[in-house]
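Worksheet: one structure, shown below.
Note that the chains are named A, B and C in the order they appear, and that numbering of residues resets to 1 at the start of each chain.
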Amino acid sequence: MIIIFAVFLLTLLVITAIAIVRAENLFVAVMLMAIFSLLMAANFFILDAADVALTEAAIGAGVTTVIFLGALSLTAENEKKVELSRGVAMSIVTATTLLLIYATFEKPKLGDPEAPVHQHVAPWYLSETPKLIDIPNVVTAVLGSFRAYDTLGEVFVVFTACIGVLFLLSAKNPADKQSRRTPPESIGLRHHLIPKVVGRLLFPFIVLFGLYVQFHGEYGPGGGFQAGAIIATGIILFALLEGEKTALAAVPHSVMMAMVAGGALLYTMVGVVTMFMGGNFLDYSVLSSNPVFGQQMGIILIEAGVGITVCGALLAIFHAFAARENY
Amino acid sequence: MELLGYYNYWVFAIVLMVGFYAVIVRNNLIKKLLGLAIFQSAVFLMYITMDKVEGATAPIIQEGVTDQIYSNPLPQVLILTAIVVGVSTTALGLAMVVRIKEAYGSIEEDDIIAKDRKS
Amino acid sequence: MNPTEHLAALQVVVPFLAAPLIVLLKAKRLAWAATTLTSLLTFCIAIALTMGVLDGQNYQYFMGSWPAPYGIELKVDAFSAVVLLIITGASTSALIAGYHSLDKQIGAKRQPMFFAAWILALAGLAGIVVSADAFNIFVFMEISSLASYVLVAGGPDRRALPAVFKYLIFGTIGATFYLIGVGLIYMMTGTLNIEDMGVRIADVADQSPVLVAAGFITVGLALKAALFPLHIWLPNAYTFAPHIVTVFLAACATKVSLYVLFRFDFFVFQENLGGQQLHFTFFFLPLSVFAILIASAVALFERNLKRLLAWSSVAQIGYIVLGASLVSIAGLTASVLHVFNHAIAKGSLFLAVACLACHIKRLRLTDIAGCAKAMPWTMGAMVLAGLSLIGVPGTAGFISKWYLISAVLELGGATGVFLTAVIVLGSLMAVIYVWRIVEYAYFKPQGKKPAVSEAPFGILAITWIVAIGNLYFGINPELAVTLSESAASVLMGHNK
């Protein structure tokens, strides 16, 4: 039964992708993109990747869509229908597709427990996590400790993107020289009854859910990254409802920057502290006399760093796009 | 049923190339970024497909249960990172598109090239 | 804590610690000062690592103390040491030279973000080089790419924006191709550590996913390295970036991708995949020949000074790949040597361009007509660096071309002669395009431009220090040659 459902979802995925490329109205394309992400998340869930499904739903369907819409409102809604060098592109694309499909025939089949992926490193994680770190969610253990250095890199990717967007969108607008009008105050959706009521009801639950995901990451699906994204989504919803000004009063710009820098700094400092305490970088075992407890402490600390940076960065990016409109 | 074991990989290949096609062929910069996002998502599907083990469950260890098998946690960790990279790239790209629109008054590649020729 | 044990990690951790702090520095010049200090510190770490490597030490570091295939391993050998020296050295000298010029081009409010992006680009590039884990390399590749998009987008001209957008599209496609390749290999071997992959891939080497993976990784990295014909993003990105950013990126960004490409190919594929050695040569040799000939020819007719030098960079990447494509100790030595020497030559050329740009707005060749009278020191440095780019005896460029020609002649027969002819022809074209710059600057009458004067002392001093580096490494090549030879034997050691 589940396999039929999976095939159905995957087929929908292909159809949606093609529809996105064909849609001439960019607004439609962005909305289809959100559906694409949700379908993707559903697929991940079927494939046992609960953490990834949660992230894809929060990031792909939530945050990405908002950023796309923000950019659309600053640019254009419709696409001019010109296509460049179609023939060449078609042949490159077809050739690569065939090559990839050819490569599948010697791949291990879906779900094959004998596949090499499941032999070498992965079983070690599954068998050693209870002994070395003693938390149920192995994904969090790998993310937070065994491959914590990757996660540190990931935090800095978000950090870079955030300062990049702020850098780009803080440049003077060339079209703006003649008219220094005062920006119209954005009032959000305050006058629309249904979004207002539903949004106000939802907001506390979203933030609460975000906090739950943050602190429950060791036991179930979730962790700093998902939590940061969910809380940021909640605050963005608040900004959409109440207008940006109110949202900025609640979480001012300086606080966002402090979050972005502070989270990244917290993560790096945990590593530096472990270095000073005689371990390698990010070796949390030295944090406490009981190495297992040290590991757990380290994971909680770095997850907090991830959550803070991600939340701050997503908010800062959203406000950078939104503020550009009022120039 | 034999071939269904590969269906995920075929979808990966097709979606990947749909995205790639949009990136090369479409003239609109936002459409190119949408294509890029599809292109990256397809790779997530490939990684997550390989983590599945028949009859297994998500890699969250249940206490007291001994004979449960779990899916592979590693590709999931990698893709968590890759999703973040994807959204970061998209955000940066969109910021560029906004600036391009302000500087050139258009987000169509051929218009921009034409305007650069003139100046 | 004993810092020498942690050197490999510190190379990345130091800039990571600095980046969040720099964003918060609002006072004028403070962000610049902090960035320059951090960069200098990483340069010192790179020197310490290089000295250790020369002493025969091999740096291995396990992140979080988890053993290799389970955790992430860092590794520094001779090849990494050369590239680390280039990255940190280029960043430091560019930053010192950028004291005036960056302040003028970037508004005061935006400076903290710009410099944080700079230090992140540095951290990302260094992180790629020290890492021994295929996926970790992807993460750091993204950090360095995103940061360098930001740096390029700081350019004052509006044409910087479409250029950087193209850079972003191509960079992301390249990185994603790499990610697909790594995924396919992981699928077949179950590991992400590069050396471990090399061991485990032997059993599955003849299966189609591995072959396809080799293709994706090679094409993806060649795209990021701007290997002809995948170079189309490079000329405009280099031309419209702020001048000081061009110095930094031209010296090291593409070379780091080549570094990953060579490492992957020589560590993982060559010894295991049947005929991979032959594929490698057949794929890269023709491309590098085209790169040398076509890009040099385009440079001959280019009218913008910066774009001319950018095209010359595409040609130089051709020389580097040509050396490696021979798959021999001599060829790889020449290749690594050219990575090093070209970084110095191109670095000092772009520094001289930045000197020119202090007083000349647009950098078409006609704009610099007759400027040598007013700016004798700037043009002097440019000529010196130009000679090294051509490969005149006594300069660093000569050493690497000499090694390259002897490596090619080792092949013998018609191919050897043909490739020598290509190298000589490429160098002759370099003579012509460098001459065109000299001709305009020294022998054309000055137009009706406002009077120009010599660049500020600080930037000039750095330009001359780097330019004299061309002479120094031309006369005393031992250090560079020793490092390159041991780098080559590290790479070939995996290819018994």
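Criterion: contacts are C-beta pairs under 8 Å (C-beta built on N, C-alpha and C of every residue); 3 or more make two chains touch, one makes a residue touch a chain.
Chain by chain, the UniProt names read as follows: B = Na+/H+ antiporter subunit C; C = Monovalent cation/H+ antiporter subunit D family protein.
Fair warning: this is a prediction, and the values are worked out from it, not measured in the lab.
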item: Pair sharing more residue contacts (C-beta pairs) when A-C is set against B-C; value: A-C
item: Chain whose Cα centroid lies at the greatest distance from that of chain B (Na+/H+ antiporter subunit C); value: C
item: Averaged-CA centre spacing for the pair chain B (Na+/H+ antiporter subunit C) and chain A, given as whole angstrom; value: 12
item: Rounded Å distance, chain A centre to chain C centre (Cα mean); value: 31
item: Centroid spacing, where centroids are CA-atom means, of chain B (Na+/H+ antiporter subunit C) and chain C in whole angstrom; value: 28
item: Chain C residues counted as touching two or more neighbouring chains; value: 135, 139, 142, 146, 149-150, 153, 158, 186-187, 192
item: Junction residues of chain B (Na+/H+ antiporter subunit C) - those touching two or more other chains; value: 16, 20, 50, 74-75, 78, 81, 85, 88-89, 92, 96-97, 99, 103, 109
item: Junction residues of chain A - those touching two or more other chains; value: 100, 104-105, 107-108, 115, 117-118, 121-122, 125, 147, 150, 153-154, 157, 160-161, 164, 168, 171, 174
item: Chain A contact footprint on chain B (Na+/H+ antiporter subunit C) (complex, rising order); value: 4-22, 24-28, 30-31, 33-35, 37-38, 41, 44-45, 48-63, 69-81, 83-92, 94-99, 101-103, 105-111
item: Contact set on chain B (Na+/H+ antiporter subunit C) toward chain C in their complex; value: 16, 20, 23, 29, 32, 36, 39-40, 43, 46-47, 50, 74-75, 78, 81-82, 85, 88-89, 92-93, 96-97, 99-100, 103-104, 109, 112-113, 116
item: Chain B (Na+/H+ antiporter subunit C) partner contacts - residues on chain C that touch it in the complex; value: 135, 138-139, 142, 146, 149-150, 153, 158-159, 161-162, 164-165, 168-169, 172-173, 176, 179-180, 183, 186-187, 192
item: Residues of chain A touching chain B (Na+/H+ antiporter subunit C) in the complex; value: 3, 6-7, 10-11, 13-14, 17-18, 20-21, 26, 29-30, 33, 36-37, 40, 43-44, 47-52, 55-56, 59-60, 63-64, 67-68, 70-72, 74-76, 79-80, 82-86, 89-90, 92-94, 96-97, 100-101, 104-105, 107-113, 115, 117-118, 121-122, 125-126, 129-130, 136-139, 141-143, 147, 150-151, 153-154, 157-158, 160-161, 164-165, 168-169, 171, 173-175, 219-221, 225, 310, 317, 320-321, 324
item: Residue ranges of chain C touching chain A (in the complex, touch as defined); value: 1, 6, 9, 13, 16-17, 19-21, 23-24, 61-66, 69-72, 107, 109-110, 113-114, 116-117, 120, 123-124, 127, 135-136, 139-140, 142-143, 146-147, 149-150, 153-154, 158, 184, 186-192, 200, 204, 207-209, 211-212, 215
